[in-house]
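The following blocks contain the structures, represented as structure tokens.
One chain, subunit A, links the two complexes that follow: it is found with subunit B in the first and with subunit C in the second.
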Partner chain A sequence: MDTVSDYVVEVEGLGRRFKRTVALEGFSLKIPRGGVFGLVGENGAGKTTLIKHLLGLYKAEQGTVRVFGLDPVQEPEKVLGGIGYLSEDRDLPGWMKVKELMRYTAAFYPKWDPEYAEKLRQVFELDPKAKLRTLSRGQLAKAGLLAALAHRPDLLLLDEPSSGLDPVVRREILSAIIRTVADEGRTVLFSSHLLDEVERVADRVAMIHQGKLVLDAPMEEIKDTHHRMTIRYTNGQTAKPDFPGMLSCQGRGNEWTIVFQGNVNAAKEHLGNGIEILQVESPSLEEIFVARVGRSISIEED
Partner chain B sequence: MFRASRILFWELFRQTWLVVLLSLFILWGYITFQFIFDAMFYEEIFSSTIAWIIVFLTLCFLFLSTSKEGLTFAFPRRQFTLPVSTVALLNVHLVYRLFAMTLVGGMLYIIQYSFYFIEYQNTEDALSLGAILTILLLITIWAQAFVCLLSVFSFWKTVGIQCVMLILVLGMSDFLGLLTGSSCLGVLNWAISVDPYWERFSIVFYFVQGILIALPFWALAVAVIRKTFPSKSTNRLSLFLLLALLSGKLPLYILLIPALFENLFHKMLSTSYSPMEIFVWYEEKTWGLNLVIMTGVIGYLGALWALMQSRNRFAVHRAPSKPLFKQGVMSSKWQSEQWSPMRAQFWYEWRQTYQWLPYIVIPTTIVLLLIAFVPIEGTKDLTGITITWIGVAISWGVGFYGIRASVSYTASVFTKPISITTMSRAKLWAGLSAVIPTFLLLVLAGKFILYRLLPETFQETNVAYQSILPSVVLMFLLMFGALYLGRVAIVYLCGFYCVIAFIAMLTHLINPFLFIDWEATCIPVFLIMSLVLGIFLIFMTWCRKVVTSQHTLITIGAVLCAMLLAVLTVYRNSCFSEYVFLNLFVLLSNTFALAWVPLMLHRQRHR
Partner chain C sequence: MHLHISPAEGKPIYRQIVDQVKYLIAAGRLQAGEELPPIRVLAEELLINPNTVARAYRELEVAGLLSKRQGAGTYVSGGGSPLAHQERLRIITERIDALLVEARQMDIPTEELMELIQTREKLLNEP
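And now, the complex of A and B:
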């Protein structure tokens, strides 16, 4: 791929509406070359809409989308030639056999590696003579993954790849493949509801909420800057604590568990005297996500 | 359950009311058209065939439903989880479709009646309302069975099962008994002429042979019922089938009882109960009733059985089915050869959609042609029916697979690094590969059928052939348009016919004396409109960079050809050439699709 950009994906001020529903609004994101990029968000947050914009399946109503420095709508052949895509719907033609799918897909990609494809087929235990409509949802995901991977794409777009896969396959195969692709210097962008999986695999995470980017940072930075702190009031106070950077707060009476972004010492200062810190831990990605999204919802409800 | 059934009925109505209404409207327009233009340029065959094709296309659309994959003929499986019994589920679907087809059938009757009235001032030869409804409703029941079977089995297995159902029908409806009777009739006549004793024997023969031949088929049907249906309903179904089997034969037995009585008491038979007369009467009058009852019963039971199978197997994955057609042309070299994107896409298009048209239409047409050439009395009627059935087969094929040929693909296709131009080209070649052999066969079929209808002189056949050639050419347009454009074709073709009808009506209103030459006036107008549309499409596709210079040249060439033909049409001097030119023009104007499809593909890909 002859590109000069440092970023594989550059999205600037992207906006998209479906009638009255706002799918994306002022969305900006840059994904650097190499590594695994996790995209998380609740249902209808705009993850699939973003991925479809990257594929050129949606035309940007506002803003710009660049993949490999190119507009995917203006130059779909060049852009799609470097992308491997697994759709959320697993919309492969049911009448096709596995071997036919391999042959058909191979025709479009000059870099298709037949040996690698065959290896993947064996790892995934797919019968080459089986028609796609006879496969289970998990097997269909594997077939789609095979088609997306075997031409060694520069950018692998996986829309809910874990859906339908059993835990063994998810942990041992999918994660291994994603890491292998990233280790080869290529880029993986995958969306998932399974945040423990994103936490385990992704190098960088973006959180989308109601069409807006609420967080975009490397995983290590997220883990370093987010904390879960359990406190107890020693002065008889029972009011819900509040300070800048606090994302969520749960508890009652004089004992509260707070998830916040920022420095622990700064948080202590804000809370003042009269508190006892029982525990400070690094929260899971899921806790961070729930804290951030839950906070937005509660604010809107107010 | 009643409430659930009512909601299902409402859902069916919401899905298909527009199709039924549109169909009734088109048929009504058809009647009006005949009255206005006095059916001047319609041959009898052409007229009835077109009307029947419209009716059968309506039937096809009535069975369409939405699914995750889009429009489909398969029974909607999501309804299996509703708290409705399978019988009620089937009944709701069937009753709604029977009701809709009754309306359409009624309109068809009015068409036929008015046609015979205008053309011959004699309506005796027109099919009665009862006959039309019987035919349509029985076909509806069997189409329902086909759709239900298709939800469980592959296409060819479904066809096979329906063939078995047909054998059961023919067996139980005494068809085979009639054949035996017919073949023995000559021998018996000879025997009776030698010795009247043989007449007694013939009475017993007719009485027994029908039952004897029908019973094994009944037993087979009962065996299938016992194996598949719940034990509670087995006896009732078997009894019901037995009553249905006997009901058609009942008049025969009533007539035979006095004869048998006389026979048992060794008296000579009276002439009024001659077995030969009874046999002829039975053959002419009551066998049809028997056949109708059995067809309805077996069709319904087949649908019910398939639906029960489908519902019970809902959670089970179907075993991998064998390929429908062995790909004999795929040599090992071909297998290992690397495809180009164009070839891969061609293969995809062919396998996805287009292969079905020749696979369905060609064998069906050949079989029907063979039937039409069976040397029996009433050949012309049989040939006419054959033409209708060819129309049905084609409309079924085009309707079934044409609706799947969409310019809208799933993401798995649109995310392939292939240009819209290559995609359109692959679609075009795949469409032509399917349509051309089918079309050629239809041209030949038209020729043979006319020869069969008009065997008097070869020249007469040729002249008549010229008169139906436009409809054959029009068929090409419909096939190609529907298959190439997919769902867009509905809008395209509807728009086209609306324009023609509108201009014809307008011309007639302005000057009633011009109505015979309506096409001379409306074609240039339509041409201008087509030209504007074509130029607009070319402009749009050119601007969006989704069309090559080849496409542009072909489209512009087609427009010029159409103009030339239209001019020639206006200054025609031959009786039949006008229709040839008209339809050639229509055909050529269809090449606008060359510009239309890339544009639609571009719009679908980048929404």
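And now, the complex of A and C:
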């Protein structure tokens, strides 16, 4: 049996509907302790719904949700005390000044570290006297991140942390994520539709599409088992190739580019003798996602 | 040491680091005895997971290109010239393979390609 310490999050058979829309269906996921867990999917795929269940903001209609081995709805204080959360819409009180936000947040968390908070404020170049309402999007994201980080949470939940931000602020946020795991061996759950960022920082990736889990594996394994292969028929054949493990296929006539999961030699055998392999390469996480989900992830913001 | 990481390239990130460090050593831009940045520092600089840097360093150590000194960081191995030579050959072999494939796709026979290489070399040698 798994002990509590192996997984910070255990979701089993979670289902959720909003009126007639299915937001999550039969969703099971375990997040191991330590490292960066990337949750990727399009807007509306169910990422935020999942995160709100972890925070106990939604009660599971079907299935179970456990964070640190506890039910977040039953024991919100214990669960929330160990979580640092940055929401996508950064719902911070606009009338507060940065230093007031720090004092206010500190009151909720016994483990709040004032020195660390002050260090983060300086690194993020936030003016303590500035009102939150006057901050830029990037500064607001950093203020939210400060509030989420300064009690050194066991689990840092970042919901689309870099959405709508310029590259400089994105860099700062990624670098904060990296420092968090490197410093303290904590767990970060990072939801994003920017697969480039996820590929940089995640140890493990879960892909979610239309409320269902499409793939959940260590990044290394995903990269090792997915291939992009360009083939050419040498026997005059022109039919679209098809074999087990094939995720997508583009091309025409005698030349096709295939993204598949599996072994290159096995794929070769399936395709038979009448082909020449022109190229085998590693696809990016973005390409793998597109191949699995059948379309490109939406890049537009808001 | 300047490395450039591009997830869009598809090549696993640890592999991008391994290849670039090998290239820098082969090209003499990283010298024997030179210290590499600590894992955390490089991870933050490149904005990548520290485990990825650790994996790349491990692989370079196994290949004999880097060595760890007890509690004192990671260094380019001394006497790396035979390995560096191998690495230079590997890099140039990759380029040759790419050239051969392209030549084949353009229907240029290997003999003609060889002649072309010699002609080009003469031209390069002229002042």
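Just so we're on the same page, the second predicted complex is superposed on the first by the 277 of 302 C-alpha atoms of A that agree within 3 Å, B and C clash if a C-alpha of one lies under 4 Å from a C-alpha of the other, contacts with A are read in each partner's own complex, and residues count from 1 in each chain.
By definition in this document, contacts are C-beta pairs under 8 Å (C-beta built on N, C-alpha and C of every residue); 3 or more make two chains touch, one makes a residue touch a chain.
Since the structure is predicted, the reported quantities are computational estimates derived from the model, not experimental observations.
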{"item": "Superposition on subunit A - do subunit B and subunit C clash or fit", "value": "fit"}
{"item": "First (subunit B), second (subunit C), both or neither touched by A:129", "value": "first"}
{"item": "Geometry of the superposed three-chain model: angle at subunit A (Cα centres of subunit B and subunit C, steps of 10 degrees)", "value": "140"}
{"item": "Touching partner for A:250 - first (subunit B), second (subunit C), both, neither", "value": "neither"}
{"item": "First, second, both or neither for A:179, with subunit B first and subunit C second", "value": "second"}
{"item": "Contacts of A:55 with subunit B and subunit C, given as first, second, both or neither", "value": "first"}
{"item": "Touched partner set for A:283, first subunit B, second subunit C, both or neither", "value": "second"}
{"item": "Touched partner set for A:104, first subunit B, second subunit C, both or neither", "value": "first"}
{"item": "Chain touching more of subunit A, residue-wise (subunit B, subunit C)", "value": "B"}
{"item": "Touched partner set for A:91, first subunit B, second subunit C, both or neither", "value": "first"}
{"item": "Shortest span in Å between Cα atoms of subunit B and of subunit C, once chain A is used as the common reference", "value": "28"}
{"item": "Subunit A-facing residues of subunit C, complex", "value": "5, 7-13, 15, 40, 43-44, 47-51, 55"}
{"item": "Interface residues, subunit A side, partner subunit C - complex", "value": "35-36, 171, 174-175, 178-179, 181-182, 195-196, 199-203, 219-220, 223-224, 228, 281-287"}
{"item": "In the complex, subunit B residues that touch subunit A", "value": "69, 317-321, 338-341, 343-344, 347-348, 351-352, 410-412, 414-419, 605-607"}
{"item": "Contact footprint of subunit B on subunit A as seen in their complex", "value": "52, 55-59, 73, 76-81, 83, 85, 87, 89, 91-96, 103-109, 127, 129-131, 133-134, 136, 144, 147"}
